[in-house]
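Labels for the chains are A, B, C and D, by order of writing; each one numbers its residues from 1.
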């Protein structure tokens, strides 16, 4: 437990001291989402229909963009060796780092999502389910992202490779995240979708750190 | 071949299987083609276009089966650290990707006359499309490292994660599809498969499976030789 | 300045190395070890024993597997054959306990540009459960390496030698019986070298053991040597393995 | 066979034949690719072992020593 807190605190501190990196992810998110009105036209009905999807897809891409940071710097400067040699299980350390990743990228994305919803003319009924779904869904992105980031450590083409490996795996998050908003707007209720997202998170919370820890050990073996 | 695993026995086994699998594919594939194109009647609704099913459906089966083989080999590789298992997964992936692409292309060729469009976001086509990306991600990952053993081991983890995720992806795509079902599209399949259709279907599937085993053995043998080459070259450089 | 820091640190270290602080550890041994990197067999049939108070220096040409052997001892790399034991028991039996007994100094310093020296070392202390007074242990460690004045300096402002001293200070923040050091004195000036000699001697006096890979003399006095070239496979063996 | 016979595939020739062509070509490409990879590896191995045999031949005693 103390190892979890120690690593979490350190990664948060590191994240905040590299504030420009964090801002970049959020700016990318906003910019990418606001390209859509230029791409499909500013017609309110059309934008309202695609708003939830646009927010989710761009959030997904922004999260992929930030995954590079998750283990790479620690791998390059030898910190990962030190972390892997601490008595705490590596999966706990992975969980701490994924949590820090979510707090420094997932949470800021959720914070600006309502503004994007407004600009994309999202139905007022859709805001609450969008935020709830992101609150449950974006941690899944950080967790699956941790697996992808660990697997691609030391690879020749890191960035695009992480996205290629992780995006197919997080498709369910996208489907149920958008589904929650659509269901609420059409009067069906977002609850079933949110429950599925919750189940996904509940499964990923213990399993993804184990898989990522396995991948990290492999990366350290060939370091 | 290192990590003190001796591939000799494995090599003996696959060399013994090879003539049988090659013979089975040489017999079953032409027979399947005959049943599919000549020996079976056209469907009363779909006419002769139903013949596309005899390659489309077995290709879909193979797409899934090969991924399961990959994930199983990945599990063996991780649990027993057996390098031959990594190698099997690595050799199977491109074959699986080809079957998956084959399934998508033939599906599209079937969809045009049946649905009037080349692509439908139908649940089955869509999940096969995602499967293709799982294959492509795996292949890209395995080939992204300078050290080939690192790539193979990373691939083993990814194949396993993908296998656990596959039912969830399938489930979510099905759910998504029921929400977005385009009303104009006529549904295919269902319980209307005539027993006369099963013969070409199963013959072709058997032929595909035998063919997969044959190509897999050839590829595994080539990969074993390549590893031996690398070790010999290193030995020469050191000696 | 550095001199007084050094003296103060030494003094503290001597205080700390009373019998209460000494390690009642068993010996660390390996037998029949083999290591494969990529497709390459680096060494095989390698054995060693490190008793409390021992220093073992790994020597050998570049690429002979010194760093790999250290990583293998640390548990970062699994041996292709053979096994490691601690006090006669295989280390795989309890990996977490083994990680608690080992302090690692790789060829990378693991110093973050934006974290201060104190923050860097404090994390290490918390991960390894530093003793009753972590702050004092940290100050002692900094003093012992003569970098007490740099405690609140961020990593990016440190010179290569100063970063190395921080990495060495990590060994002292949370004491453990076995030090695994990869080229520990690279980049150190004379004062740094002397500081390393002092902390290494204190560690051994307290019953700790050191295994170090190096090309240069570490000033470890009566250290035993392990020459990796002795365990390199012959060309014929490599070919047979293919 | 309905109506137009074998080659016209009852009017679906434009879909059925490409489907089978794609399948056949893909299978052939897989087989040829695998065979070519195997041949190439075998050839390189043969070259390597040939060059080693030539290097060893003059010093038979050394070879015996290693064996």
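Of note:
Throughout what follows, a contact is a pair of C-beta atoms (placed from the backbone, for glycine too) under 8 Å apart; a residue touches a chain by one contact, two chains touch by 3 or more.
Just so we're clear, the structure is a prediction, and the values are computed from it rather than from any experiment.
The chain occupying the central position, as judged from C-alpha centroids, is A.
Using the mean of the Cα atoms as each chain's centre, the chain most removed from chain C is D. Ranking B-C and A-B by contacting C-beta pairs places A-B first.
Centres computed as Cα averages put chain B at a distance of 48 Å from chain C. Inter-chain centre distance (chain C to chain D, centres taken as mean C-alpha positions): 51 Å. Note on chain placement: the centre of chain A and the centre of chain B lie 30 Å apart, centres being C-alpha means. Each chain gets one centre point, the mean of its Cα atoms, and the points for chain A and chain D are 43 Å apart. Multi-chain contact residues of chain D (touching two or more other chains) are absent.
Annotation for chain C: residues 37-38, 78, 234-236 touch two or more other chains. Multi-chain contact residues of chain B, defined as those touching 2 or more other chains: 147, 149-150, 228, 232, 236. The residues of chain A lying in touch with chain B in their complex are 147, 151-152, 154-157, 161, 164-165, 167-169, 171-172, 175-176, 179, 182, 196, 200, 207, 211, 214-215, 218-219, 221-222.
Residue ranges on chain C touching chain A, taken from their complex, read 37-38, 71, 74-78, 96-97, 99-100, 102, 104, 106-112, 114-115, 119, 123-124, 126-129, 170.
For chain B in complex with chain D, the residues that touch the partner chain are 29, 33, 37-38, 42, 47-49, 51-52, 55-56, 59, 94-95, 98, 101-102, 105-106, 109-110, 112-113, 211, 214-215, 218-219, 221-222, 225-226, 228-229, 232-233, 236.
By the touch rule above, chain C contacts chain B in their complex via residues 34, 36-41, 78, 80-81, 232-236, 238-239, 241-242.
Listed in rising order, the residues of chain A touching chain C in the complex are 2-3, 5-7, 10, 13-14, 17-18, 73, 76-79, 81-89, 220-223.
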